[in-house]
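Each of the next two complexes has chain A plus one more chain, namely chain B in the first and chain C in the second.
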Partner chain A sequence: MLRFLAKRLGFMLIALIFVSLLTFTLMHMAPGSFLDAKRISSGDVSGDEQASIDVIAEMEKRYGLDQPLWKQYLMYMEGMVAWNMGPSFQFPQMSIEEIIARAFPVSVTLAVLSVALSVVIAVPLGILAAVRQNTWWDYGAMFLSMIGNSIPAYVLAVFLMLLFSLKLHWLPTAGWTEPKHVIMPVLALGLGSVGGIARYMRTSLVEALRQDYIAAAWAKGGTFNKVVLGHALRNSLIPLVTVLGPQLARLMVGTVFIESMFRIPGLGQYFTLAANTRDFPLLMTSTVFFAFVIMGMNLIVDIAYGFLDPRIRFE
Partner chain B sequence: MWVRAWNKFKRNKLAVFGAVFVTLLMLTAFVGPYLLPYGYDQIDYTAVYQGPSVKHIFGADELGRDLFSRLVYSLRTAMIVAFGSEAITLVAGVAIGAIAGYIGGRTDNLLMRFTDIMFAFPSFLFNVMLIAVMGRGLFTIFVAIGLTSWVGLARLVRAEVLKIKSREYVEAGHAMGASNWDIVTRYILPNVTGPIIVTMSFGVPGAMMTESALSLIGMGVAPPAPSFGALITAGQRFVLSYPHMLLWPALVFAFTLLSFTWLGDGLRDAFDPRDN
Partner chain C sequence: MSRRYWPKVLATALLSIFVLTGCLPGQTKQAEEPPKTEPAAQTNTPAGPQQGGTFRMYIINPTSMDPHIYTYGAHIHRMGLSEGLVTWKDSSFEVAPASAESWKISDDGLTYTFKIKQGLTWSNGDPLNARDFEYSLIRAIDPKTWAGAYASYQGAGILNAAQFQKGEVTADQVGVKSVDDYTLEIKLEKKNPIFLMRLAEVWGLPVHKATVEKFGKDWTRPENIVTNGPFRLTAWTVNSEIKLARNENYKGPNPAYLDEVQLFLNPPNILSYENNEVDSVEVTAADIDRVREKMGNELLSTTTGVINGIWLMYGDNQVLMDKRVRQALSMSVDRAKIAKIVAKDTVEPAWSLFPPMFKEWQQYGLKYDVAAAKKLMADAGYPDGKGFPEISVLISYNIAATDPFMVAVIDEWKNNLGITAKIENLEWGNFSQKRFAYQEGDYAGFFNFSWTSPYPEAENYLRSNWGLDTVWANGKDYKGYLDLQNNKELDPAERIKKMEEYRLEHASPEGQKWIELKAKVDAATSDAEKTSTYQEMAKLREETAAYIPLTYAKSFRLVKPGFKGVDPNPFLIGYPMYFRSIYVQK
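Entry: the complex of A and B
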C-alpha cells in the first residue's frame, strides 16, 4: 500500500513538473505578451515615451520578467509550492491564490452537484435496465447513454436554454448570483453523464446477478428487495467508483465551457481569460492546478477502489 | 474479416443510417460551399435577425449573413479539423504504439511513460496553449488536436502488437528472413486495422467537439469564418429575441455528432471478434 502510494505520488510529481515545464515553454514561445499590449495602450494614452518605458520597466521588475528564464520558472514553482504566487497581470490588486480560492469552490460546486445529479438519476435507471433486460427501460437507458456520450454539455445547455428560458420563462439565461442560476449548468453537465453511468451500472449489476450466490439467495426464497437491492447491488456499486473518477475529471474540463456559456466566475473562466490575454502567471498556475486536481482525483479513486474491493491489490 | 464485418454492419440499421448521413454530411461540407447562393460572410442588410424564410431557409444573423451558408461552412471547418487531426493521430499513434510494442524493453518503457504523462495531462488545456502559441487558424487547430489525441490509439496499437508479435506466423516470417519493417507493416499491422478503424471513427466526432469547444471560448478559427462553437456563442446572445440563431446550429451540430457516433457504434460491433 505504502509503496503503491509512493510510486503513484512520484509519478504525479514528475507529470506535474512535465506539465509546468511544457506550459512555461509554450507560454514563452507564444507571440505577443501581456506587456506588449500594455506598452501600446500606455503609449497611446500619455504620448510620453519615457513614462511608458518606466511603467513597463516597473512592471517587468514587479513580475520578475527581467530575470533569466530559468529563474522565472523556479520563481513560479516556488510560488506554487509555497502557495504564494503574487499578483496576476490581469488583476494586479488580487493575488493568484486569492483568485483560485475564490473561483475554485465555484467550479467544485458545479462539478459535485452535477455528479450527484447524474448518480441519483443513473443508478436507479441502471438497476431498472439490468432487472428489465431487453425491455423499453433497457433500450431507453442505452439510448440516453449514447446521446450523453455523443453530445457535449454545451450543446445540451443550448437545448435547456431554449426550453427553460425561452419557452417556459422559468430560468435566467446566464449569471451566478442567485440559486436559480445553478439549475441549468448543473443539468447540462450532469445529464450528459447519466447515460454512461447508467450503462456501467447495468453491466455490473447484470454481471452480479449471474453469480452463484445470487441464485442461492433466490433459491432460499429471497424477495426482490433482499436479493437485488441487498446482495447484488452492493457488489455492483463498487466498480461504479472507477467511472466516477474519469467522470469527475471530464466534468472539471466540461465546466470550462459551461462556465463560459453561463458566465459563471469559476476557475475555467479565469483559465480562458488568462489564455486569451496572455496572463502568464495566471495561465501557468491555473494549468498546473487543473492538472493537479485531475491527477489527484484519479489517485483518490484508485485508492478508494482498493479499499472497497479487497480483491484488488495495490501494486 | 472484411466480409464478415461488412455483413454484420449491413444488418445494423442505426449504423447504416449513420453511414448514409455521414456521407451526406461530407458531401454537404465539401461540395456544398460551391452550390450555395450566399457566401458565409456575405451581408444582406434586409435580412438582419430575420427568421427562416424562402430567401434564407434557416434565417440570418445579426449582420444579415445567411445562417444556412454559415452552417455549411461550419460543417466544412469541423470536417477539415476532424480529418486533419485524425490523420496526425493515426500516424503518431500507430508509429509510437508499434515501436513500443515491437521493440519492447527500454524503448517501450520510455515511450509508455511519455504516453502516461500525456494521458495525465488534461488535453484540453494543452490544446488551448498550443493554439495560443501557434495562432488561431484551421491548420493550427487540427495540429493542436492531433498532437493531443494520439495517446489512446498508441496504447491500443501497442497492446495489439504485443499480442500478435508472438504468434506462429510472425515467427515463421522471422524464420524466412523478413525484415523488421516487413514484419511490422505486413504481418502485424494489417491485423490491427479493425480496432484502429473503430478508434478513429470515434475520434472524428471527438475532434469536432474539441474544435467547437475551442471556438466557444474564443480560441477557434478566427472570425468571420464560422464554426459551430462560434455560432452557438453568437446565438446565445440573442436567444430570447431571435432563437433561430441558436436552435439551428445546435441541432445541426448535435445531428452531425450523432451520425458519426452511430457509424462508430456500428463499426465497433462489426469488428468485435467476440460475438457473431
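Entry: the complex of A and C
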C-alpha cells in the first residue's frame, strides 16, 4: 500500500510539472496581454502615452514580467510550493491563495451536493431498471435518464429559472447568500448526470445479479434487501465509483456556465476571467490546482477500489 | 459504524456546514454595526421623499474596492460609500458642495482654498478633517498605492502631481496642503476650468488613514472598512453580491434615503427583474422588443457619451492611406437606416466624433452622400469599386451588439460603392493585440472601437483619443513607431521623447497640422483663440476620416415603478450617478 502510494504520488508530481510547463508555454504563446486588454476593458483608455508606458513598466516590474521566461516560471513554481503566489493581475488587492481559499469551498459544496443528488436519484433508478429488467419500468427509467443525459446543465438551468422563479415564484433566479440559492444550481448540475450514473448502475447490477453467488443467495431464501442491496449492490459499485470520482473532481474545480448564471462565487468564474483577461498568475495557478484536484480524486478512487473489492491489491 | 448509516452521516455533515457557519461557504462576514454617535439629522420635509427601502440592481463586477485604484469598485465608492470635497449635483455634472461647504479660487486660477464643514464624521464616528483629505489626495497620486494596477488620478493638473508619480519629487512638494483642521489648499500647475468637476471623480475621495495603515490591502473588506459617504459597505461576496447600508454617522449635505442598496454582480438577467428580485436592470438589444412591448412604461432610455466606430489600421497595404477612400467609406453608410432596422433604435446614428451632448461640435462631421462618395472613389482610382481589394473589419465578440450592425455597414459599402469587406471576429486578447499591430502583406482594414470620456468635456473628446498625430503618411512608417514604443532598452522618458520626434517627422500632412494646432492651443492666451483652434482641430479630424464614427450608444434601463430618483450616468453605462438620489415613492 505504501509503495503504491509513493509511486502514485511520484507520478502525480511529474504530471503536475508537465502540466505547469505546458500551461506556461501556451500562456506565453497566446496572443494578447493583460495590460493591453485591461487598457480598454476597464474604461481606462487615456490617450496619455506617458501614463500608459509608465504604468506598463511599473506593472512589469511588480509582477516580474521583465525577467527572463525561465525565471518567471521558477517564480510561479516557487510561489505554488510555498503557497504564496502574490496578487492576481485583475484583483490587485487579493492574493491568489486567498482567491482559491475563498472560492474552492464554494465549488466543493456545489459539487458534493449535486453529485449526492444524482446518486440519490440514479442509484434507485438503476436498481429498479436492473431488477425489473426489460419491463416498462426498465425502459421508462432508462428513457428518463437518457433525456436527462442529453440536456446540458445550462439549458436545464434556464428551464428551472423559468419554472421556479418566473412561473411559480418559489425561488430566486440567482445568488449565493441563503440555502435556498443552492437548490436550482444543484438541480441543474445533478439531474444531468443522473442518466449516465443510472445506466452504469443498471449494467453493472445486471451483471452482478447473474453471478452464481446471487443464485445461491436466492436459493438460501434471501430477501430482496439481503440479496440485492446487501450482496449484489456492493459488488456493482466499482464502475459507479470510477465515474463518480472524476465527475466530482470536475465539478469541484468550478462550473463556468452554472456559476456565472447563478452568480455563484466559485472557482469557475475566476478561471474564465483569468483566461479572458490573460491574468497569468491566476491562470497558471488555477490550471495546476485543477490538475492536482483531478489527480488527487483519481487516486482516492483507486484507493476506494480496494475497500469495495478486497480482491484488488495495490502494487 | 455500519454501512447503512453513511447517508445519514453525510447529510448531517452537510447540514452542519450551513448551521454552524450560518451561511454558505464563500460568503464574507457581515460588518459589525458601528457605534452610533448621535442620530443623523432628519433633513426631509414630510412632503418630500422619505427615508427607507432597499434598492437592488446589477452592477459590473468590481475587482477591488479601493477608490484610488481604477476599477469599477472605485465608482461604487463615488456613488455612495465615500464623499469628496465636492460632488456632482446630478447627471448635469454641475459641481455642488460635499465635505467642503465652500471654496475660494485665487485670481490667477491656480490656488483653490476649501473650507471643510465642521462636525463631519467617518462611519466609525471619528471626526473628518482637512488632514484626512491631504493624506488621501497624496495617496491617490502615490504610485505605491496602485502599484501593479491603474491609478484613478489622471492628469487633473495638481502642482507637481505628475512629477511625484514619476518619482522626481517628494510628497511634500505636491500642491496639496492642509492649512488647519478645516482648511485645505490645492495648487495647480496651470489654470484648469474644469478642475472642480474633476475633483468629484474617484481620486478625490478620502480614505480613513488609520484603517488603511492598520489593515493594508485588506482595509476594504466589509469587516474593516471605514468610509465617509452616505452609505457604508456591509457585505462583499466577490463575483456575486455587494451590500450597502445607510451610514447613520453621515452628517454631510447629501444624505441617503434608502436603508439599503444591494448590488448583484453582472451578468444581468431580465428574468430576475420580472421575478421581482431586482428593482433595476440594464436591457440589451436582444431583449428590447419584448421589454418595449411588455414593460415599456418602466423603461428609462438615456443618451450616453459612448461613441462606436472603426479605426484605421496600418501596414504594408496602402489602399486605405488615401483620404478620399476613407471619406467615401464613411459617406456611403446610411447610419440612420441601420440604427432603425438592425439595431432597433437602441443606438443613435453617429456622424461626428463628439457625442450628442456636444451638438455645436458635431457640425464638422461628414454627411450621408452616396453620389459624392462614388465620385471620391472614382477620383482615387476605383470607379464603381473596380480594382479595390477586399478590406477587413476587426471586431471582438466582447464588444456587445456591434456585429449585426457591422454586417449592415459592409452591405452598404457593397451596394453603394461596389467594394467588398469581411468581418474578422477575434477573441478579446487576440483582438487587443492585432488592432495595434503592424499589418503585413495585403491586409488592410479597420478595427472596431468604443470609447467615452468619463466626464462631459468636449476637449477631452479631442485630446484623449483619436489624435491625428499618429495618422501616418505611409502605413509603413508605423513599423518604426512601434519599434520605438516597444524598445525596452530605452527608458520610458527617452522613449516618449523619441516617439514625439518620430511623429513630427513621419505623420501625414493632417497629422503635422494637428501637432501644430495642438501647440497653438497650449500657447493660446485667450479662451476665444483656444476654442477656435479646437474647432479647427475638430474639423480637420472629421475630414481625415482615419476614425470613422458609426453609432452613439444609448442606455436602456428598467426601473420598478415604485422607485424615483434613478439618474443614469451618461458617461458610465449601467450606473446611476449616485445612490443618494434614489428613493421609494410611498
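Operating definition for what follows: the second predicted complex is superposed on the first by the 284 of 315 C-alpha atoms of A that agree within 3 Å, B and C clash if a C-alpha of one lies under 4 Å from a C-alpha of the other, contacts with A are read in each partner's own complex, and residues count from 1 in each chain.
In this text, a residue touches a chain if its C-beta (ideal position, glycine included) is under 8 Å from a C-beta of that chain, and two chains touch if they have at least 3 such contacts.
These numbers were taken from a predicted model, which means no experiment stands behind them.
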item	value
Which superposed partner A:Q93 touches (first chain B, second chain C, both, neither)	second
Which of chain B and chain C A:P246 touches, first, second, both or neither	neither
Partner chain(s) touched by A:Y270 [first = chain B, second = chain C, both, neither]	second
Touched partner set for A:V106, first chain B, second chain C, both or neither	second
First (chain B), second (chain C), both or neither touched by A:T173	both
Which of chain B and chain C A:F159 touches, first, second, both or neither	first
Superposed model, chain A: greater residue contact from chain B or chain C	C
Partner chain(s) touched by A:R278 [first = chain B, second = chain C, both, neither]	both
Touching partner for A:F257 - first (chain B), second (chain C), both, neither	first
Partner chain in contact with A:G222 - chain B first, chain C second, else both or neither	neither
Set of chain A residues, in rising order, touched by both chain B and chain C	30-31, 161-162, 165-166, 173, 260-261, 276, 278
Complex contact set, residues of chain C against chain A	10, 14, 17-18, 23-27, 63-66, 69-72, 143, 146-151, 154-155, 165-166, 217-218, 220, 237-241, 264-265, 267, 269, 271-272, 274-277, 398, 427-434, 436, 451-452, 454, 463-467, 485, 488, 492, 495-496, 499, 572
Residues of chain A that touch chain B when the two form their complex	11-12, 14-15, 18-19, 22-23, 26-27, 29-31, 146-147, 149-152, 154-155, 158-159, 161-162, 165-166, 173, 249, 252-253, 256-257, 260-261, 271-272, 275-276, 278, 283, 287, 290-291, 294-295, 298
Chain A residues within the chain C interface of the complex	30-33, 36-51, 53-55, 57-59, 62-63, 66, 87, 89-94, 99, 102-103, 105-106, 108-109, 112-113, 116, 161-162, 165-166, 169, 172-179, 181-182, 259-261, 263-266, 269-270, 276-278
In the complex, chain B residues that touch chain A	116-117, 120-122, 124-126, 128-130, 132-133, 135, 205, 209, 212-213, 216-219, 229, 232-233, 235-236, 239-240, 243, 246-247, 250, 253-254, 257-258, 260-261, 265
